[in-house]
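These are the structures in question, set out in turn.
The same subunit A turns up in both complexes below, where it pairs with subunit B and then with subunit C.
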Partner chain A sequence: MSIPEKIYRWLDVRIGVGELAEKELTGYHLPVTINVWYSLGSVLLFSLALQVVTGILLLVYYVPDADKAFASVTAIMNDVPFGWLIRMCHAVGSNMMVAVLLLHMFSVLFMGSYKRPRELSWLSGFILLNMVMGISLTGYLLPWSQLSFWATTVATNSAGAIPLIGDELVQFLRGGRLVGPYTLGRFFALHVAVIPLGIALLVGVHLFLLKRIGISAPPSGQKDSRVRWKGDSYRYEEHPGGIPFYPNYVVQDMSSICFYLALFLLVVFFDPYIFFPKDAFIPANPFQTPAHIKPEWYFLPNYQTLKIFPSEFMGLMAQGLAMTFLALLPFVDRNPERHPLKRPLFLACAIGGILLWIGLMIWGHYS
Partner chain B sequence: MDTSRRNVLLAALGALMTAAAGSVFYPLFRYLAPASTAVTKKKVTLQLKEIPEGGAKFFEFEGLAAVLVKQKGGGVAAFSAVCTHLGCIVQWQQGQNQFLCPCHGGQFSSEGAVLGGPPPKPLAKLPFTVNGDSVTIG
Partner chain C sequence: MSTARSMMYGLTLLVLTLFPIPRNAAAETVCIQCHTAQTGRGLKPVKPWQESIHAENGISCHHCHGGDAADAANAMDPARGFLGAPKETAIPDFCGRCHIGIKSDYLKSAHGHALGKGGPTCVTCHGSHGIKKAALELINEKTCTQCHSFERARVIRTAMEQTEHSLTTLTKRLDAFKAKGVDTDALEKRLFAERNRYHTLFHEVNTAKVKAESGLIAGELDKLKTALDKIDEKFKKRKMAGAAAVGAALLAAVLFHLLRKTYS
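For the complex of A and B:
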């Protein structure tokens, strides 16, 4: 017996890895018609892991102190061997993770996978989206550059539009009247401890739901693309005659991850500053606001919405309503049909919504 | 099955994987490796009048602790202050005119020779030149 075989035997006798692999990998069947969009979840897990690893590495040299943060980031970029690589991977990775997250969401929308019985999967995914936005926002402040400082000033300021508690809320978020060393402290804690824990927990819930409910069959290539689920008792969605997760779909997952990695490294090595406006290279100065301060691309629609509406409060309300609607979509859209072409109203609204969102983003960028 | 072709392909795959792993782990190793402690070979100059007769002055030399002793009668000597036993920093006992290592009780004479305790070798001597009222070590 070779050494790997011996290790396998040793483990199998004790914890039954063979049975586990049979149940979770080779015996876990996915619908035959499963497509490439379903591998985006694995791409997300991979990019999240990359964020965690590079984030921990950055913690080795980063100093969360308003007087030293900018210098420590500069040192990581210029002095620490390969520090630029680690930091660029973290910064580029966060942007690309948000992009993949949105694609994942769109595919779920268009394939109707959010419909019953997967309301909880949708909700947990939706909360994850918000947490990723939150971790991006808090991470943005940490380099303590002009961009960080003023973007955070603007972002925290918008909470002030909420009636009655607005001002207190802004001060609470900032840990003071203005963005300052206390803001850095609390954002650092949120970025490296609180939100990561929440994300880990929710990813667990999301995956648990996925395994418990069973994966949905893509609506395309089927005669009957409606949800056939009956709401009388719990039932795992099986796919007899489907393809095994391992090795068949794992290959798909792996190739999607490799494709993502290629794209990611292309940006990291050939255009890492694509996501960095020049204010990202100037140390924070609370006494001088740079011209045209703008948030990251995925916050541009929110930013533009706040500018369009006559009052900040209305702008916030509009965003809150849109987000609430999105969160509750599976409870609103109760039509069992899942094929996008057989749901013209949905298709029109979804495409309109995405175009509106992209339009606001472009408008925000050039305004 | 053409096994030799298979072997060549497997070897190529192995080499590729090794290169890929290397390109990940080398940057990682360099990132985490301690900042290079390239010791600057700087000479250290001390003023003799700062040290009383029979006294010693500790200073940093090439990144390590060193000591200059002004012997009774005027002679000077410079040593590495690192104990040759397990690397603690020796102390100067002005009254006894000897070094004591606080860790395991090693004793050295004002000439650096072992007087007692576990140290196996005398303290390492450092080269120095006397220039009127100042001493330059290194």
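For the complex of A and C:
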């Protein structure tokens, strides 16, 4: 018996790894019609892991002090061996993770996978999206550059539009009247401890729900693409005659992850500066406001919404309503039909909504 | 109105014309309010100043001429530090309050030695209100031939042209690296020192000295260029490594995809 076999045997008799592998890998069946969109979840887990690893490496050299933060990031970029690569991977990774997360959400939306009994899966995923955007926002301040400082000033200013508690909320977020060392301290704590813990917890909940409810079959290629669950009792959605997760779909996941990695490395090595305007490399100066400070691309629609409404409060309300509607979509859309082409009203609203979002983003970029 | 009173009024207007107003703070100073409302000589300095390097850097009327730029009634009160316009021989001291090193360079030069004897002052080349930035273009036939032939000035300008070109190119390259997160601080300081050294030549009229000094500056700039070439080389190597990594990831993606097909 070889050494790996001995180790396997040793573990198997103690914790039953063979049975576990059979149940979770080879015996875990997925729908025959499963498509490539389903692998976006694995791509997201991979990109999240990449963020954790690069984030920990950055923590070794980063100094969360307003007087030293910019210099420490400059040192990471110039003096630490492969520091530039780690920082670029972390910064580009955060942007690409949001992009993949949105694609994952759109695929769930169009395939109707958010419908009952998967309301909680949708809700946990939606909260995850917000937490990822939150971790990106808090991470944006940490390099303490002109871009960081003023983008955070603009972002935290928006909270001031909320009646009654606006001013107090802004001060709470900033740790003072203006963005300063205290803001950096609390954003750092949120970025490296609070939000990551929340994300880890929610990823766990999301995967637990996936395993408990079972994976949904794509609506295309089915005679009856309506939700079959009646809502009478708990039922695990099985796929008899489906394909095993391992090795069949694991290789699909690997293919998607490698493709994502190729795209990611292409940006990291050839043009990471699409995510770094010039102000990203100038130290923060509270006395000098740059001419055109814009948030990250995924916050541009929010930024533009605040500008087009007569008051910031109305802009915030509109965003709040849109987000609440999206979060509660599975409870609003009770139609059992999942196929997008058999849901023309949904299709029109979804495409219209996405186009509006993209339009606001472009408008925000050029405004 | 008596002739003496008219003359005093005219003199006041003339003095007022010497108040250039900063572009950004134009609405805040009484100098600009008064001068833009005037015609003729009173208005004359406003536009040239607005296009000057002083305006670009926020240097206002009172920074040179003194006085109180916030109080129209007492703007020209000597008690408020108003200096008025300097006499010709006092111009180097007037400008030299800020441009200390340049004043020293000028006074050491043949131009400075001719001060008060028909030689040029700061405003002869740089202008009085439409102040021009020290640049090679200031050494031109039109300006220089006000006093002497252009022959020697041409030799000086030719010697400095290459340095100017190198300085401009290196500045652009440094800016590009800075926008990529490269720590250019030390290199910028070296370039700044060489640019200052080069600027001291603007008031030097000894052709041999200008040629020798330009050669030394060129040597230092070459060292800077070598340092920037090394950074360029590093970026090229990164891209080559990146191309290999992207290729490997793509190949793996295709192989996994083909493997997936075999399971179908």
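Throughout what follows, the second predicted complex is superposed on the first by the 367 of 367 C-alpha atoms of A that agree within 3 Å, B and C clash if a C-alpha of one lies under 4 Å from a C-alpha of the other, contacts with A are read in each partner's own complex, and residues count from 1 in each chain.
Operating definition for what follows: a contact is a pair of C-beta atoms (placed from the backbone, for glycine too) under 8 Å apart; a residue touches a chain by one contact, two chains touch by 3 or more.
Just so you know, these numbers come straight off a predicted model, no measurement behind them.
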| remark: Larger residue footprint on subunit A, choosing between subunit B and subunit C, goes to C
| field | Partner chain(s) touched by A:Lys278 [first = subunit B, second = subunit C, both, neither] | value | second
| task | For A:Phe313, select first, second, both or neither according to whether it touches subunit B, subunit C, the two together, or no partner. | result | neither
| said: Applying the document's definition of touch, where does A:Val80 land relative to subunit B and subunit C: first, second, both, or neither? | reply: first
| Touching A:Leu57, do we find subunit B (first), subunit C (second), both, or neither? | first
| task | Considering only touches as defined above, state whether A:Ala262 meets subunit B (first), subunit C (second), both or neither. | result | second
| field | Residues of subunit A contacting subunit B in one complex and subunit C in the other | value | 79
| remark: Contacts from subunit A onto subunit B in the complex sit at residues 57, 60, 79-83, 85-86
| Complex contacts: residues of subunit B adjacent to subunit A | 27-28, 30-33, 35
| In the complex formed with subunit A, which residues of subunit C make contact? | 178-183, 238-239, 241-243, 245-246, 249-250, 252-254, 256-257, 259-260, 263-264
| request: Under the touch definition given earlier, write down the residues of subunit A that touch subunit C in their complex. | output: 74-75, 77-79, 84, 243, 247-248, 251-252, 254-256, 258-259, 261-262, 265-266, 268-270, 273, 276, 278, 280-281
